[in-house]
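I'd like to ask some things about the structure below.
Going in written order, the chains are labelled A, B, C, D, E and F, and every chain counts its residues from 1.
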Amino acid sequence: MKTVYITRREHFNAAHKLWREDWSEEKNEEVFGKCSNKNWHGHNFEIFVTVKGAPSEDTGFVINLKDLSKIIKDLVVEPLDHRNLNLDVPFLAGKLASTENMVIEIWKLIEEPIRQAGGELCRIKLVETENNYVEYYGGAEPY
Amino acid sequence: MKTVYITRREHFNAAHKLWREDWSEEKNEEVFGKCSNKNWHGHNFEIFVTVKGAPSEDTGFVINLKDLSKIIKDLVVEPLDHRNLNLDVPFLAGKLASTENMVIEIWKLIEEPIRQAGGELCRIKLVETENNYVEYYGGAEPY
Amino acid sequence: MKTVYITRREHFNAAHKLWREDWSEEKNEEVFGKCSNKNWHGHNFEIFVTVKGAPSEDTGFVINLKDLSKIIKDLVVEPLDHRNLNLDVPFLAGKLASTENMVIEIWKLIEEPIRQAGGELCRIKLVETENNYVEYYGGAEPY
Amino acid sequence: MKTVYITRREHFNAAHKLWREDWSEEKNEEVFGKCSNKNWHGHNFEIFVTVKGAPSEDTGFVINLKDLSKIIKDLVVEPLDHRNLNLDVPFLAGKLASTENMVIEIWKLIEEPIRQAGGELCRIKLVETENNYVEYYGGAEPY
Amino acid sequence: MKTVYITRREHFNAAHKLWREDWSEEKNEEVFGKCSNKNWHGHNFEIFVTVKGAPSEDTGFVINLKDLSKIIKDLVVEPLDHRNLNLDVPFLAGKLASTENMVIEIWKLIEEPIRQAGGELCRIKLVETENNYVEYYGGAEPY
Amino acid sequence: MKTVYITRREHFNAAHKLWREDWSEEKNEEVFGKCSNKNWHGHNFEIFVTVKGAPSEDTGFVINLKDLSKIIKDLVVEPLDHRNLNLDVPFLAGKLASTENMVIEIWKLIEEPIRQAGGELCRIKLVETENNYVEYYGGAEPY
C-alpha cells in the first residue's frame, strides 16, 4: 500500500499566560519567565495537521482537504482564534496553556472526526513563534 | 551625497484587544469584530526600523546596527514584549491599541535617540500577522 | 496629519500563458520563453494592497481591514482564484497576462470601492514567485 | 553507522486541474471544488528530496548536492516546469493530477538514479501552497 | 504614463569581515564587534533589483526578466557568489565590505547595462540576514 | 506516556570552505565546486534542536525552552557564530566542514547537557541555504 502523508495549515491568534495559582508570583516568574506576565501576552499560532493513508483511486486524495480544513476550523480555530487560552477555552480549562498541553488536547478533539472523514491523524505541529514549535504523534514515538 | 537606507528587525509577543469603554459590547463587536474579545487575544509582532544617511567613510555604516538594535530593544521591545498593550504600556495608555496608533507612538519614542546615535529615522513597519502590516514615515507621504 | 500606510495580503492560484496570437510559435518562444507554453502553466499569486490615511480617532483605523479584505476578495480573488487568466477573466480579456498588466487592471477595479470605504489606495504589490514581483502606485512614481 | 539525512529543494510552476472525464461537471465540482475549473489553474510547486546515508570519509557528503540537484532538475523540473500536468507530462498521463499521485510517480523516476549516485532516497515532500503539502516515503510508514 | 516597478531576486553566499588595517585589533573589535573576526564569517545574501518603466504594448513587460536576471547573474552573482568580499572582488577592493558600500558599488555596475536593456534601475535591496538589510536608490531619497 | 517533541531554533553566521589539503586544487574544484574557493565563502546557518519527552505535570513543559536555548547558545552559537568553521572551531578541527559532519559533532556536544536538563535530544536540523539542509537523529534511522 502506498501511504502518503498530507498536511493542512491553519492559524489562530490568541492570548495566554503560563501561570500556576498555587505558586507565588516569584516562583511563577522563576519558572515561566516573561510568559508569566499577569496581564497576558499572545502569539500568532500556526497549526499543521498531518493525515496519512493511501490515495483513493477515485479521487487521488488521502483525504479531501476541504473536509480536513473544515474539521480544523470548526474544532480548533473557532474555539481558539482571538481567544484567551486560559479563560475562554473549555478543553484547556484547568490546564497549563503550554504548547505541549495544547497539542495533546487538540489531538483528542480531531482524531475521531478525521477518522470519520476517512483519514488517520498522525501528526500535529503547533508553531508558537519562528523560534519554537512542538510536534505530537498521539503519543507514538517515530524518532 | 549617497543616501542609503538600513533596516533592523526586532520582534515582540503581546496581548491586546480593540475595545472602547464608551461603546456597548454590540458596538465594539460590530466595529472591531473578533479583535474586541473581552479576554484579549495576541500576536507575534515584528518591527522593522529604517534609518537613512550616507555611509560613514570611517566605518562604511549609516548607523552601527548594534546601536540601532539597542535603541529598539530598550525603548520598544522591553516595554512591549510579553505585555498587554492595553494595560501594561504607559505610552499606549488611553489609546486604542491598533497597529496604526502603535507606530505613531513608537516613532515618538525612538526618533530622537536615533538622531543622537547619528541616524535619521525614516520608516517604521509593524507586522501584526502574515496578512497585515502598517508603515509610518513620521507623517510624511512618500507615496 | 499623521498619515499611516496599512497593507492587506490576499492570494489566489491561477493559470496563464504569455502568448500573442499574431506572433509565430517561434517568436512567442523567443520573447516569452517557457512562459509561452501552449498548454499553460500557473502560479500561487500573492497580492498586497496598501491604503493610506490618518487613523480615525474613533477606531484607530486608517481603514477597517474587514472592509479592505472584503473588497479584495470580492473584486480580485473571486474572479482570479483557480481561474485561467487568459480565458476566464473579463477584465484581462485581450490583454497580455503579464503581472505588469494585471496590477494596472486590478488598480482600476479597487480604487473607487476603497475610496467609498473611506481609504485611499496607494500601492498594489503582486508577487508571482519568490523571485519576482511588481508594484504599482496608480502611475505615480515615488522612486 | 552515523546516518545523516540531506535534503535538496527545487521548484517548478505548473498548471493543472482535478477533473474526471467519466464524471459530470456537477460531480467534478462537488468533489474537487474550485480545483475542477475546466480552464485550469496553477501553482508554484516546491519539491524537497531527502537522501540518507553515512557521510563519506573522503568528502564529508552523504551525496554530492550537485549530483542530487542535477537528478531532480533533469527528471522532475524539466518535465514539469511551465507545463500542464494533465496534458504535457508522460508520467502523469491518465492519472488524477493530485499532489498525492505526483509524489508517488516522482519517487519511481528518481529512486534508481539516486541509488546510482550512491544515495538512498527516503522522502519526497511536495508543497503546493503555503497551506498544504504532501510527504511520501516510498510507501513506508515512519509515523 | 503607467509606471510599474518590477523586482527580481537573486542570491549569493559569501565570506567577509569588517576590518580596518589602520586600526588596532581592539579598535576594530570595539566598532565592528563580532564582524571583525580575523578569520572571516559569512552570509547568504539576497539581492532584489527593481526596474521601473511603462509596460511595453508589445510584450506587457517593463523589462524582460530573462534579461534582468542575466545582468544580475553576470555582473553581481558571478563575481560575488562563493567568494571572499574583501579579497576576491575587484570592485570592492580597498573598501569596507559593509552592505551599505556594497549596494553603492553594485548600482554602478548594473545601472548602464539595465538601461541598455531598456529599463531604468531604481532600487537595490540587499538582505544580509533575516534581521537586517539595506536599500539604495542611486542616491535619491524617496522617503 | 504522551511523548511530545519540542524544537528550538537558533542561528549563526559563519565562513567555511570545503577543501582537502591532500588533494590538488583541480581535484578540490572537481569534487567541491564553488565551495572549494580558497578564500572562503559563508552562510547564515539555522539550527533546529528537537527534544522529546512527556510534558511535566508541574510545568506543562518537555523541557524549559530557556534552558534549551542556553545550551544551544553556549555550546553551538558561541563557538560558531561569526567564526571560520575550518580555522576557529576546536570541535571541527581536522574535519571536512560539511553540514553532515557538523551535525554529528554538534550532537556530541549537546546530547549530555540536554539530558542533564531533563530532556532527550532526538533530532538536529541544520539549514545552510533555503535550498539545502541536513537532519541527524544521533545515528538512528526513523525513516
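Keep in mind that, in the parts below, a contact is a pair of C-beta atoms (placed from the backbone, for glycine too) under 8 Å apart; a residue touches a chain by one contact, two chains touch by 3 or more.
Just so we're clear, the structure is a prediction, and the values are computed from it rather than from any experiment.
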Report summary line: chain D onto chain F, same sequence, C-alpha superposition: rotation to the nearest 5 degrees is 120
Report task. Tell me which chain's centre, taken as the mean of its C-alpha atoms, is farthest from chain D. Result -> B
Report task. Using mean C-alpha positions as chain centres, tell me how far chain B is from chain D in Å, no decimals. Result -> 41
Query raised in the report: When the centre of a chain is set as the mean of its C-alpha atoms, what distance in Å lies between chain E and chain F?
Result: 29
Requested in this report: Spell out, as numbers or ranges, the residues of chain A touching 2 or more other chains.
Outcome: 130, 137, 140, 142-143
Query raised in the report: Think of each chain as a node with edges to the chains it touches; is that a line, ring, star, complete or other?
Result: other
Report summary line: Pairwise touch list, complete, is A-B, A-D, A-F, B-C, B-E, C-D, C-E, D-F, E-F
**Report entry** chain E to chain C touching residues, read off their complex
**Finding:** 1-10, 50, 52, 55, 59-62, 64-66, 122-123, 137, 140, 142-143
Query raised in the report: For chain A, which residues count as touching chain B in their complex?
Result: 11, 13-16, 34-35, 37, 39-44, 81-84, 87-88, 129-130
Report summary line: The residues of chain A that touch chain F in their complex are 18, 31-33, 95-101, 103-104, 130-137, 139-143
